[in-house]
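Letters A, B, C and D name the chains as they come in the text, with residue numbers starting at 1 for each one.
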Amino acid sequence: MKAAAQTRETFRFPIRVYYEDTDAAGVVYYANYLRYMERTRTEWLGSLGFDLATFERGHGIAFVVHRVAIEYRLPARLGDRLDATLALVELRRVRMVALQQVWRDAEMLTDALVTVACIDRTTFRPARIPPMLHRRLEALA
Amino acid sequence: MKAAAQTRETFRFPIRVYYEDTDAAGVVYYANYLRYMERTRTEWLGSLGFDLATFERGHGIAFVVHRVAIEYRLPARLGDRLDATLALVELRRVRMVALQQVWRDAEMLTDALVTVACIDRTTFRPARIPPMLHRRLEALA
Amino acid sequence: MKAAAQTRETFRFPIRVYYEDTDAAGVVYYANYLRYMERTRTEWLGSLGFDLATFERGHGIAFVVHRVAIEYRLPARLGDRLDATLALVELRRVRMVALQQVWRDAEMLTDALVTVACIDRTTFRPARIPPMLHRRLEALA
Amino acid sequence: MKAAAQTRETFRFPIRVYYEDTDAAGVVYYANYLRYMERTRTEWLGSLGFDLATFERGHGIAFVVHRVAIEYRLPARLGDRLDATLALVELRRVRMVALQQVWRDAEMLTDALVTVACIDRTTFRPARIPPMLHRRLEALA
(Lines give C-alpha, C1' and ligand atoms only; values in the text may rest on other atoms or scores of the structure.)
Protein backbone atom coordinates (compact mmCIF):
# COMPACT_ATOMS: atom_id res chain seq x y z
CA MET A 1 0.00 0.00 0.00
CA LYS A 2 2.79 2.38 0.75
CA ALA A 3 3.94 2.12 -2.82
CA ALA A 4 0.66 3.78 -3.79
CA ALA A 5 1.83 6.91 -2.04
CA GLN A 6 4.58 7.23 -4.59
CA THR A 7 2.42 6.97 -7.70
CA ARG A 8 1.15 9.92 -9.67
CA GLU A 9 -2.32 9.39 -8.14
CA THR A 10 -1.09 10.67 -4.80
CA PHE A 11 -2.52 14.03 -3.81
CA ARG A 12 -0.19 16.38 -1.98
CA PHE A 13 -1.14 19.35 0.22
CA PRO A 14 1.26 21.71 2.04
CA ILE A 15 0.99 22.19 5.80
CA ARG A 16 2.82 24.79 7.85
CA VAL A 17 3.34 24.15 11.58
CA TYR A 18 2.22 27.06 13.76
CA TYR A 19 2.25 27.50 17.54
CA GLU A 20 -1.38 26.35 17.63
CA ASP A 21 -0.25 22.92 16.43
CA THR A 22 2.51 22.31 18.96
CA ASP A 23 2.57 21.31 22.61
CA ALA A 24 4.86 21.73 25.60
CA ALA A 25 7.07 18.88 24.37
CA GLY A 26 8.02 21.22 21.52
CA VAL A 27 6.47 19.09 18.79
CA VAL A 28 3.16 18.81 16.95
CA TYR A 29 0.49 17.48 19.32
CA TYR A 30 -0.56 14.00 18.24
CA ALA A 31 -4.25 14.78 17.69
CA ASN A 32 -3.37 17.61 15.34
CA TYR A 33 -2.16 15.27 12.62
CA LEU A 34 -5.78 14.19 12.31
CA ARG A 35 -6.68 17.83 11.68
CA TYR A 36 -4.01 17.97 8.97
CA MET A 37 -5.43 14.81 7.44
CA GLU A 38 -8.98 16.13 7.41
CA ARG A 39 -7.81 19.32 5.67
CA THR A 40 -6.08 17.15 3.14
CA ARG A 41 -9.20 15.08 2.45
CA THR A 42 -11.20 18.27 1.94
CA GLU A 43 -8.63 19.71 -0.46
CA TRP A 44 -8.30 16.39 -2.27
CA LEU A 45 -12.06 16.30 -2.93
CA GLY A 46 -11.80 19.94 -4.00
CA SER A 47 -9.05 19.02 -6.46
CA LEU A 48 -11.43 16.45 -7.95
CA GLY A 49 -14.05 19.14 -8.44
CA PHE A 50 -16.17 18.51 -5.34
CA ASP A 51 -16.54 21.27 -2.77
CA LEU A 52 -17.07 19.25 0.41
CA ALA A 53 -19.47 21.57 2.27
CA THR A 54 -21.63 22.20 -0.79
CA PHE A 55 -21.56 18.56 -1.86
CA GLU A 56 -22.53 17.21 1.57
CA ARG A 57 -25.40 19.67 1.94
CA GLY A 58 -26.58 19.15 -1.61
CA HIS A 59 -26.77 15.37 -1.24
CA GLY A 60 -27.96 15.27 2.37
CA ILE A 61 -24.93 13.25 3.34
CA ALA A 62 -21.79 13.65 5.42
CA PHE A 63 -18.47 11.89 5.36
CA VAL A 64 -17.39 10.69 8.78
CA VAL A 65 -14.25 8.95 9.87
CA HIS A 66 -14.99 5.43 10.96
CA ARG A 67 -11.51 4.14 11.74
CA VAL A 68 -7.93 5.44 11.91
CA ALA A 69 -4.76 3.42 12.27
CA ILE A 70 -1.96 5.93 12.65
CA GLU A 71 1.72 5.56 13.37
CA TYR A 72 3.82 8.45 14.62
CA ARG A 73 7.39 7.95 13.39
CA LEU A 74 9.14 11.29 13.73
CA PRO A 75 7.99 14.53 15.33
CA ALA A 76 7.20 17.69 13.39
CA ARG A 77 8.30 20.98 14.93
CA LEU A 78 7.33 24.65 15.02
CA GLY A 79 7.85 26.31 11.66
CA ASP A 80 8.17 23.06 9.71
CA ARG A 81 6.85 23.00 6.17
CA LEU A 82 5.25 19.63 5.66
CA ASP A 83 3.53 17.80 2.87
CA ALA A 84 0.41 15.81 3.59
CA THR A 85 -0.26 13.13 1.01
CA LEU A 86 -3.35 11.08 0.25
CA ALA A 87 -3.84 8.02 -1.91
CA LEU A 88 -7.15 6.22 -2.19
CA VAL A 89 -6.49 2.54 -1.47
CA GLU A 90 -9.97 1.07 -1.26
CA LEU A 91 -13.39 2.13 -2.49
CA ARG A 92 -16.70 0.55 -1.51
CA ARG A 93 -20.30 1.68 -1.93
CA VAL A 94 -20.58 3.39 1.44
CA ARG A 95 -16.97 3.87 2.43
CA MET A 96 -13.41 4.34 1.29
CA VAL A 97 -9.95 3.91 2.76
CA ALA A 98 -7.22 6.48 2.26
CA LEU A 99 -3.54 6.15 2.95
CA GLN A 100 -2.57 9.50 4.45
CA GLN A 101 0.99 10.44 5.31
CA VAL A 102 2.78 13.52 6.52
CA TRP A 103 6.25 14.22 5.19
CA ARG A 104 9.03 16.70 5.86
CA ASP A 105 11.01 16.62 2.65
CA ALA A 106 12.00 12.96 2.22
CA GLU A 107 11.22 11.93 5.82
CA MET A 108 7.88 10.32 6.52
CA LEU A 109 6.71 11.59 9.91
CA THR A 110 3.28 10.03 10.16
CA ASP A 111 1.50 7.27 8.34
CA ALA A 112 -2.21 6.49 8.60
CA LEU A 113 -4.96 4.42 7.08
CA VAL A 114 -8.21 6.32 7.40
CA THR A 115 -11.59 4.75 6.74
CA VAL A 116 -14.23 7.29 5.82
CA ALA A 117 -17.90 6.35 5.73
CA CYS A 118 -20.71 8.13 3.95
CA ILE A 119 -23.76 8.69 6.15
CA ASP A 120 -27.15 10.29 5.86
CA ARG A 121 -26.87 13.72 7.51
CA THR A 122 -30.17 13.35 9.33
CA THR A 123 -30.26 9.75 10.46
CA PHE A 124 -26.48 9.26 10.77
CA ARG A 125 -26.97 5.86 9.09
CA PRO A 126 -24.74 4.56 6.28
CA ALA A 127 -25.58 5.97 2.86
CA ARG A 128 -24.23 5.29 -0.63
CA ILE A 129 -21.50 7.55 -1.84
CA PRO A 130 -23.30 9.72 -4.45
CA PRO A 131 -22.74 8.17 -7.90
CA MET A 132 -21.08 11.19 -9.51
CA LEU A 133 -18.40 11.17 -6.83
CA HIS A 134 -18.16 7.37 -6.75
CA ARG A 135 -17.44 7.25 -10.49
CA ARG A 136 -14.78 9.93 -10.13
CA LEU A 137 -13.12 7.96 -7.31
CA GLU A 138 -13.27 4.68 -9.23
CA ALA A 139 -11.04 6.24 -11.83
CA LEU A 140 -8.43 6.74 -9.11
CA ALA A 141 -8.58 3.66 -6.93
CA MET B 1 -15.75 45.31 38.40
CA LYS B 2 -12.91 43.23 39.62
CA ALA B 3 -14.26 43.47 43.13
CA ALA B 4 -17.26 41.52 41.88
CA ALA B 5 -14.98 38.57 41.30
CA GLN B 6 -14.41 38.35 45.00
CA THR B 7 -18.06 38.32 46.12
CA ARG B 8 -20.03 35.20 46.82
CA GLU B 9 -21.81 35.59 43.45
CA THR B 10 -18.64 34.55 41.68
CA PHE B 11 -18.83 31.13 40.09
CA ARG B 12 -15.69 29.02 40.20
CA PHE B 13 -14.77 26.06 37.99
CA PRO B 14 -11.59 23.96 38.15
CA ILE B 15 -9.41 23.56 35.06
CA ARG B 16 -6.47 21.19 34.67
CA VAL B 17 -3.80 21.98 32.09
CA TYR B 18 -3.05 19.04 29.77
CA TYR B 19 -0.62 18.72 26.86
CA GLU B 20 -3.48 19.56 24.48
CA ASP B 21 -3.64 23.05 26.02
CA THR B 22 0.02 23.96 25.77
CA ASP B 23 2.27 25.07 22.93
CA ALA B 24 5.96 24.94 22.05
CA ALA B 25 6.66 27.93 24.31
CA GLY B 26 5.82 25.58 27.19
CA VAL B 27 2.73 27.50 28.28
CA VAL B 28 -1.01 27.43 27.63
CA TYR B 29 -1.72 28.62 24.07
CA TYR B 30 -3.51 31.96 24.15
CA ALA B 31 -6.65 30.87 22.29
CA ASN B 32 -7.21 28.05 24.76
CA TYR B 33 -8.17 30.41 27.57
CA LEU B 34 -11.26 31.16 25.49
CA ARG B 35 -12.04 27.44 25.54
CA TYR B 36 -11.66 27.45 29.33
CA MET B 37 -13.99 30.44 29.53
CA GLU B 38 -16.64 28.82 27.37
CA ARG B 39 -16.55 25.68 29.56
CA THR B 40 -16.98 27.93 32.56
CA ARG B 41 -20.00 29.70 31.08
CA THR B 42 -21.60 26.34 30.31
CA GLU B 43 -20.98 25.04 33.83
CA TRP B 44 -22.16 28.33 35.36
CA LEU B 45 -25.48 28.08 33.51
CA GLY B 46 -25.65 24.46 34.61
CA SER B 47 -25.13 25.53 38.23
CA LEU B 48 -28.15 27.84 37.83
CA GLY B 49 -30.24 24.93 36.64
CA PHE B 50 -29.99 25.46 32.88
CA ASP B 51 -28.43 22.76 30.73
CA LEU B 52 -27.01 24.82 27.86
CA ALA B 53 -27.51 22.37 24.97
CA THR B 54 -31.07 21.48 26.03
CA PHE B 55 -31.99 25.07 26.79
CA GLU B 56 -30.71 26.43 23.48
CA ARG B 57 -32.49 23.76 21.46
CA GLY B 58 -35.68 24.07 23.49
CA HIS B 59 -35.91 27.82 22.95
CA GLY B 60 -34.59 27.93 19.38
CA ILE B 61 -31.78 30.22 20.48
CA ALA B 62 -28.03 30.15 20.83
CA PHE B 63 -25.63 32.19 22.91
CA VAL B 64 -22.75 33.57 20.88
CA VAL B 65 -19.78 35.61 21.95
CA HIS B 66 -19.97 39.09 20.51
CA ARG B 67 -16.89 40.68 22.04
CA VAL B 68 -13.92 39.70 24.19
CA ALA B 69 -11.40 41.99 25.85
CA ILE B 70 -8.77 39.73 27.38
CA GLU B 71 -5.50 40.43 29.12
CA TYR B 72 -2.83 37.77 29.54
CA ARG B 73 -0.88 38.52 32.71
CA LEU B 74 0.96 35.36 33.65
CA PRO B 75 1.33 32.07 31.79
CA ALA B 76 -0.22 28.79 32.89
CA ARG B 77 1.87 25.66 32.49
CA LEU B 78 1.49 21.93 31.91
CA GLY B 79 -0.06 20.22 34.90
CA ASP B 80 -1.31 23.42 36.53
CA ARG B 81 -4.56 23.26 38.46
CA LEU B 82 -6.40 26.47 37.75
CA ASP B 83 -9.64 28.08 38.80
CA ALA B 84 -11.77 29.81 36.23
CA THR B 85 -14.14 32.35 37.74
CA LEU B 86 -17.17 34.11 36.32
CA ALA B 87 -19.18 37.08 37.61
CA LEU B 88 -22.07 38.57 35.68
CA VAL B 89 -21.42 42.30 35.43
CA GLU B 90 -24.11 43.49 33.04
CA LEU B 91 -27.44 42.11 31.90
CA ARG B 92 -29.51 43.44 29.00
CA ARG B 93 -32.48 42.00 27.12
CA VAL B 94 -30.45 40.38 24.39
CA ARG B 95 -26.97 40.22 25.86
CA MET B 96 -24.88 40.02 28.99
CA VAL B 97 -21.33 40.78 30.01
CA ALA B 98 -19.31 38.42 32.19
CA LEU B 99 -16.05 39.08 33.95
CA GLN B 100 -14.07 35.89 33.50
CA GLN B 101 -10.71 35.27 35.07
CA VAL B 102 -8.31 32.38 35.36
CA TRP B 103 -6.39 31.93 38.59
CA ARG B 104 -3.60 29.73 39.87
CA ASP B 105 -4.08 29.87 43.61
CA ALA B 106 -3.89 33.60 44.46
CA GLU B 107 -2.34 34.65 41.13
CA MET B 108 -4.63 36.00 38.45
CA LEU B 109 -3.30 34.74 35.12
CA THR B 110 -5.93 36.01 32.73
CA ASP B 111 -8.68 38.57 32.94
CA ALA B 112 -11.46 39.04 30.40
CA LEU B 113 -14.72 40.83 29.79
CA VAL B 114 -16.86 38.66 27.57
CA THR B 115 -20.03 39.92 25.90
CA VAL B 116 -22.45 37.14 25.06
CA ALA B 117 -25.43 37.76 22.80
CA CYS B 118 -28.58 35.71 22.48
CA ILE B 119 -29.52 34.95 18.89
CA ASP B 120 -32.19 33.07 17.03
CA ARG B 121 -30.66 29.72 16.02
CA THR B 122 -32.10 29.86 12.55
CA THR B 123 -31.79 33.48 11.49
CA PHE B 124 -28.68 34.28 13.60
CA ARG B 125 -30.41 37.59 14.49
CA PRO B 126 -30.54 39.00 18.04
CA ALA B 127 -33.23 37.43 20.22
CA ARG B 128 -34.41 38.12 23.78
CA ILE B 129 -32.85 36.04 26.49
CA PRO B 130 -35.71 33.66 27.44
CA PRO B 131 -37.57 35.14 30.46
CA MET B 132 -37.03 32.22 32.84
CA LEU B 133 -33.28 32.55 32.42
CA HIS B 134 -33.35 36.36 32.40
CA ARG B 135 -35.15 36.43 35.76
CA ARG B 136 -32.64 34.00 37.24
CA LEU B 137 -29.75 36.17 36.00
CA GLU B 138 -31.35 39.38 37.31
CA ALA B 139 -31.12 37.94 40.78
CA LEU B 140 -27.33 37.72 40.31
CA ALA B 141 -26.37 40.87 38.44
CA MET C 1 -8.59 -7.42 25.36
CA LYS C 2 -11.93 -5.72 25.51
CA ALA C 3 -12.86 -7.85 28.49
CA ALA C 4 -10.08 -6.08 30.37
CA ALA C 5 -12.08 -2.89 30.09
CA GLN C 6 -14.69 -4.43 32.34
CA THR C 7 -12.40 -5.50 35.17
CA ARG C 8 -11.79 -3.53 38.32
CA GLU C 9 -8.39 -2.45 36.96
CA THR C 10 -10.09 -0.15 34.49
CA PHE C 11 -9.62 3.54 35.21
CA ARG C 12 -12.58 5.80 34.51
CA PHE C 13 -12.54 9.56 33.96
CA PRO C 14 -15.56 11.82 33.29
CA ILE C 15 -15.65 14.01 30.18
CA ARG C 16 -18.20 16.72 29.42
CA VAL C 17 -18.76 17.73 25.78
CA TYR C 18 -18.54 21.49 25.22
CA TYR C 19 -18.91 23.58 22.06
CA GLU C 20 -15.11 23.54 21.68
CA ASP C 21 -15.28 19.77 21.13
CA THR C 22 -17.95 19.71 18.44
CA ASP C 23 -17.97 20.49 14.73
CA ALA C 24 -20.47 21.64 12.13
CA ALA C 25 -21.82 18.09 11.79
CA GLY C 26 -23.17 18.58 15.34
CA VAL C 27 -20.97 15.89 16.88
CA VAL C 28 -17.59 15.64 18.58
CA TYR C 29 -14.81 16.23 16.04
CA TYR C 30 -12.84 13.04 15.48
CA ALA C 31 -9.45 14.37 16.56
CA ASN C 32 -10.86 15.50 19.88
CA TYR C 33 -11.28 11.96 21.16
CA LEU C 34 -7.49 11.80 21.16
CA ARG C 35 -7.50 14.86 23.42
CA TYR C 36 -9.95 13.07 25.75
CA MET C 37 -7.69 10.03 25.76
CA GLU C 38 -4.59 12.03 26.59
CA ARG C 39 -6.41 13.69 29.51
CA THR C 40 -7.39 10.24 30.68
CA ARG C 41 -3.81 8.93 30.54
CA THR C 42 -2.65 11.93 32.57
CA GLU C 43 -5.35 11.45 35.19
CA TRP C 44 -4.72 7.69 35.29
CA LEU C 45 -1.03 8.25 36.07
CA GLY C 46 -2.12 10.80 38.65
CA SER C 47 -4.40 8.22 40.24
CA LEU C 48 -1.36 5.94 40.56
CA GLY C 49 0.53 8.68 42.37
CA PHE C 50 2.54 10.07 39.44
CA ASP C 51 2.05 13.69 38.45
CA LEU C 52 2.87 13.54 34.74
CA ALA C 53 4.51 16.96 34.27
CA THR C 54 6.62 16.65 37.43
CA PHE C 55 7.52 13.04 36.71
CA GLU C 56 8.60 13.67 33.12
CA ARG C 57 10.74 16.67 34.06
CA GLY C 58 12.23 14.90 37.06
CA HIS C 59 13.32 11.89 35.02
CA GLY C 60 14.29 13.73 31.84
CA ILE C 61 11.78 11.70 29.88
CA ALA C 62 8.53 12.19 28.02
CA PHE C 63 5.76 9.83 27.06
CA VAL C 64 4.82 10.09 23.42
CA VAL C 65 2.15 8.30 21.47
CA HIS C 66 3.66 5.96 18.94
CA ARG C 67 0.57 4.36 17.47
CA VAL C 68 -3.21 4.66 17.68
CA ALA C 69 -5.80 2.30 16.26
CA ILE C 70 -9.16 3.93 16.89
CA GLU C 71 -12.66 3.02 15.86
CA TYR C 72 -15.48 5.53 15.91
CA ARG C 73 -18.73 3.68 16.57
CA LEU C 74 -21.28 6.26 17.68
CA PRO C 75 -21.07 10.05 17.80
CA ALA C 76 -21.00 12.07 21.01
CA ARG C 77 -22.97 15.31 21.06
CA LEU C 78 -22.94 18.72 22.69
CA GLY C 79 -23.66 18.50 26.41
CA ASP C 80 -23.05 14.76 26.65
CA ARG C 81 -21.54 13.42 29.84
CA LEU C 82 -19.12 10.70 28.88
CA ASP C 83 -16.82 8.29 30.63
CA ALA C 84 -13.35 7.69 29.29
CA THR C 85 -11.87 4.40 30.39
CA LEU C 86 -8.34 3.07 30.32
CA ALA C 87 -6.95 -0.42 30.89
CA LEU C 88 -3.29 -1.26 30.51
CA VAL C 89 -3.06 -4.25 28.17
CA GLU C 90 0.66 -4.55 27.53
CA LEU C 91 3.78 -3.34 29.31
CA ARG C 92 7.32 -3.43 27.92
CA ARG C 93 10.54 -1.77 29.02
CA VAL C 94 10.17 1.30 26.82
CA ARG C 95 6.49 1.28 25.94
CA MET C 96 3.01 0.27 26.93
CA VAL C 97 -0.32 -0.29 25.24
CA ALA C 98 -3.56 1.01 26.69
CA LEU C 99 -7.09 0.12 25.71
CA GLN C 100 -8.95 3.40 25.82
CA GLN C 101 -12.66 3.74 25.27
CA VAL C 102 -15.25 6.47 25.49
CA TRP C 103 -18.70 5.60 26.79
CA ARG C 104 -22.06 7.34 27.12
CA ASP C 105 -23.76 5.32 29.82
CA ALA C 106 -23.76 1.76 28.49
CA GLU C 107 -22.97 2.71 24.87
CA MET C 108 -19.38 2.47 23.72
CA LEU C 109 -18.78 5.37 21.36
CA THR C 110 -15.09 5.01 20.64
CA ASP C 111 -12.57 2.27 21.11
CA ALA C 112 -8.81 2.63 20.77
CA LEU C 113 -5.54 0.84 21.32
CA VAL C 114 -2.90 3.43 22.11
CA THR C 115 0.81 2.63 22.18
CA VAL C 116 2.79 5.04 24.33
CA ALA C 117 6.58 5.11 24.20
CA CYS C 118 8.96 6.52 26.76
CA ILE C 119 11.63 8.76 25.24
CA ASP C 120 14.52 10.85 26.43
CA ARG C 121 13.30 14.47 26.51
CA THR C 122 16.45 15.79 24.92
CA THR C 123 17.38 13.25 22.29
CA PHE C 124 13.81 12.05 21.57
CA ARG C 125 15.25 8.49 21.54
CA PRO C 126 13.60 5.54 23.31
CA ALA C 127 14.27 5.39 27.04
CA ARG C 128 13.35 2.89 29.76
CA ILE C 129 10.20 3.62 31.69
CA PRO C 130 11.57 4.74 35.10
CA PRO C 131 11.62 1.69 37.44
CA MET C 132 9.38 3.15 40.14
CA LEU C 133 6.63 3.67 37.58
CA HIS C 134 7.32 0.41 35.77
CA ARG C 135 6.89 -1.57 39.00
CA ARG C 136 3.64 0.21 39.73
CA LEU C 137 2.36 -0.59 36.23
CA GLU C 138 3.42 -4.24 36.46
CA ALA C 139 1.05 -4.63 39.34
CA LEU C 140 -1.78 -3.59 36.99
CA ALA C 141 -1.00 -5.24 33.69
CA MET D 1 -7.32 52.61 12.67
CA LYS D 2 -9.65 50.68 10.44
CA ALA D 3 -8.61 52.81 7.52
CA ALA D 4 -5.13 51.33 7.94
CA ALA D 5 -6.54 47.98 6.95
CA GLN D 6 -7.23 49.38 3.50
CA THR D 7 -3.77 50.79 2.82
CA ARG D 8 -1.08 48.99 0.87
CA GLU D 9 0.74 48.23 4.14
CA THR D 10 -1.93 45.73 5.04
CA PHE D 11 -0.80 42.12 4.91
CA ARG D 12 -3.31 39.59 3.67
CA PHE D 13 -3.32 35.82 4.25
CA PRO D 14 -5.90 33.31 2.97
CA ILE D 15 -7.73 31.03 5.40
CA ARG D 16 -9.95 28.10 4.48
CA VAL D 17 -12.58 26.94 6.99
CA TYR D 18 -12.43 23.20 7.67
CA TYR D 19 -14.52 21.00 9.96
CA GLU D 20 -11.82 21.34 12.64
CA ASP D 21 -12.62 25.06 12.86
CA THR D 22 -16.38 24.82 13.27
CA ASP D 23 -18.65 23.94 16.17
CA ALA D 24 -22.12 22.50 16.67
CA ALA D 25 -23.67 25.92 15.99
CA GLY D 26 -22.46 25.41 12.40
CA VAL D 27 -20.02 28.33 12.48
CA VAL D 28 -16.35 28.89 13.26
CA TYR D 29 -15.74 28.48 17.01
CA TYR D 30 -14.84 31.82 18.56
CA ALA D 31 -11.43 30.81 19.90
CA ASN D 32 -10.35 29.65 16.46
CA TYR D 33 -10.18 33.19 15.08
CA LEU D 34 -7.24 33.66 17.45
CA ARG D 35 -5.58 30.68 15.77
CA TYR D 36 -6.17 32.32 12.38
CA MET D 37 -4.67 35.54 13.69
CA GLU D 38 -1.58 33.83 15.03
CA ARG D 39 -1.02 32.11 11.68
CA THR D 40 -1.34 35.51 10.04
CA ARG D 41 1.24 37.11 12.36
CA THR D 42 3.65 34.28 11.61
CA GLU D 43 3.17 34.60 7.85
CA TRP D 44 3.40 38.40 8.06
CA LEU D 45 6.78 38.17 9.78
CA GLY D 46 7.77 35.62 7.18
CA SER D 47 6.79 38.04 4.41
CA LEU D 48 9.17 40.57 6.01
CA GLY D 49 11.98 38.05 5.86
CA PHE D 50 11.84 36.74 9.43
CA ASP D 51 11.13 33.08 10.02
CA LEU D 52 9.42 33.19 13.42
CA ALA D 53 10.70 29.92 14.92
CA THR D 54 14.27 30.49 13.76
CA PHE D 55 14.24 34.15 14.78
CA GLU D 56 12.88 33.50 18.27
CA ARG D 57 15.38 30.72 18.95
CA GLY D 58 18.25 32.70 17.51
CA HIS D 59 17.58 35.73 19.69
CA GLY D 60 16.48 33.89 22.83
CA ILE D 61 13.15 35.64 22.73
CA ALA D 62 9.51 34.82 22.16
CA PHE D 63 6.55 36.91 21.08
CA VAL D 64 3.56 36.47 23.35
CA VAL D 65 0.11 37.97 23.14
CA HIS D 66 -0.49 40.34 25.99
CA ARG D 67 -3.94 41.64 25.16
CA VAL D 68 -6.70 41.02 22.63
CA ALA D 69 -9.81 43.12 22.03
CA ILE D 70 -11.88 41.23 19.50
CA GLU D 71 -15.32 41.81 18.08
CA TYR D 72 -17.25 39.07 16.34
CA ARG D 73 -19.51 40.66 13.73
CA LEU D 74 -20.58 37.91 11.36
CA PRO D 75 -20.02 34.17 11.51
CA ALA D 76 -17.78 32.25 9.13
CA ARG D 77 -19.00 28.86 7.94
CA LEU D 78 -17.67 25.51 6.79
CA GLY D 79 -15.92 25.78 3.45
CA ASP D 80 -15.60 29.57 3.53
CA ARG D 81 -12.55 31.11 1.94
CA LEU D 82 -11.52 34.00 4.15
CA ASP D 83 -8.84 36.65 4.13
CA ALA D 84 -7.05 37.50 7.33
CA THR D 85 -5.49 40.94 7.28
CA LEU D 86 -2.90 42.56 9.51
CA ALA D 87 -1.78 46.16 9.82
CA LEU D 88 0.76 47.28 12.39
CA VAL D 89 -0.77 50.22 14.27
CA GLU D 90 1.68 50.81 17.09
CA LEU D 91 5.31 49.93 17.69
CA ARG D 92 7.19 50.27 20.99
CA ARG D 93 10.51 48.91 22.18
CA VAL D 94 9.10 45.78 23.77
CA ARG D 95 5.69 45.47 22.15
CA MET D 96 3.53 46.20 19.17
CA VAL D 97 -0.15 46.42 18.39
CA ALA D 98 -1.65 44.90 15.27
CA LEU D 99 -5.08 45.45 13.80
CA GLN D 100 -6.18 42.03 12.65
CA GLN D 101 -9.37 41.37 10.76
CA VAL D 102 -11.00 38.43 9.06
CA TRP D 103 -12.94 39.05 5.87
CA ARG D 104 -15.18 37.04 3.55
CA ASP D 105 -14.96 38.99 0.33
CA ALA D 106 -16.12 42.51 1.25
CA GLU D 107 -17.68 41.52 4.59
CA MET D 108 -15.63 42.03 7.72
CA LEU D 109 -16.40 39.11 10.03
CA THR D 110 -14.03 39.77 12.90
CA ASP D 111 -12.02 42.74 14.02
CA ALA D 112 -9.29 42.68 16.66
CA LEU D 113 -6.55 44.73 18.21
CA VAL D 114 -3.80 42.39 19.34
CA THR D 115 -0.95 43.51 21.58
CA VAL D 116 2.12 41.34 21.22
CA ALA D 117 4.99 41.59 23.69
CA CYS D 118 8.56 40.47 23.24
CA ILE D 119 9.87 38.42 26.14
CA ASP D 120 13.04 36.62 27.11
CA ARG D 121 12.43 32.91 26.39
CA THR D 122 14.01 31.81 29.65
CA THR D 123 12.87 34.35 32.20
CA PHE D 124 9.55 35.23 30.49
CA ARG D 125 10.32 38.90 31.29
CA PRO D 126 9.91 41.74 28.79
CA ALA D 127 12.77 42.04 26.30
CA ARG D 128 13.53 44.52 23.54
CA ILE D 129 12.38 43.61 20.08
CA PRO D 130 15.66 42.71 18.32
CA PRO D 131 16.91 45.81 16.42
CA MET D 132 16.98 44.25 12.97
CA LEU D 133 13.29 43.42 13.25
CA HIS D 134 12.43 46.68 15.00
CA ARG D 135 13.93 48.69 12.15
CA ARG D 136 12.03 46.67 9.60
CA LEU D 137 8.77 47.27 11.50
CA GLU D 138 9.44 51.00 11.88
CA ALA D 139 9.37 51.27 8.14
CA LEU D 140 5.80 49.94 8.24
CA ALA D 141 4.18 51.55 11.27
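The rule is short, and it goes like this: a contact is a pair of C-beta atoms (placed from the backbone, for glycine too) under 8 Å apart; a residue touches a chain by one contact, two chains touch by 3 or more.
Not measured: the values here are computed from a predicted model.
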* Structure fact -> The larger set of C-beta contacts, choosing between B-C and A-C, lies at A-C
* From the centre of chain B, which chain's CA centre is farthest? -> A
* Structure fact -> CA centroids of chain B and chain C: separation to the nearest Å works out as 28
* Structure fact -> Whole-angstrom distance, CA centroid of chain A to CA centroid of chain B, is 34
* Using the average of all C-alpha atoms in each chain as its centre, how far is it in Å between chain A and chain C? -> 24
* Structure fact -> Residues of chain B that touch at least two other chains are 19-20, 25, 27, 31, 35, 38, 77-78
* Partner chain C, residues of chain B touching it in the complex -> 16, 18-20, 35, 38-39, 42-43, 51-54, 77-79
* Structure fact -> Contacts from chain B onto chain D in the complex sit at residues 25, 27, 30-32, 34-35, 38, 62, 64-72, 75, 121, 124
* Structure fact -> Interface with chain A, chain B side, in the complex: residues 19-20, 22-27, 29, 31, 77-78
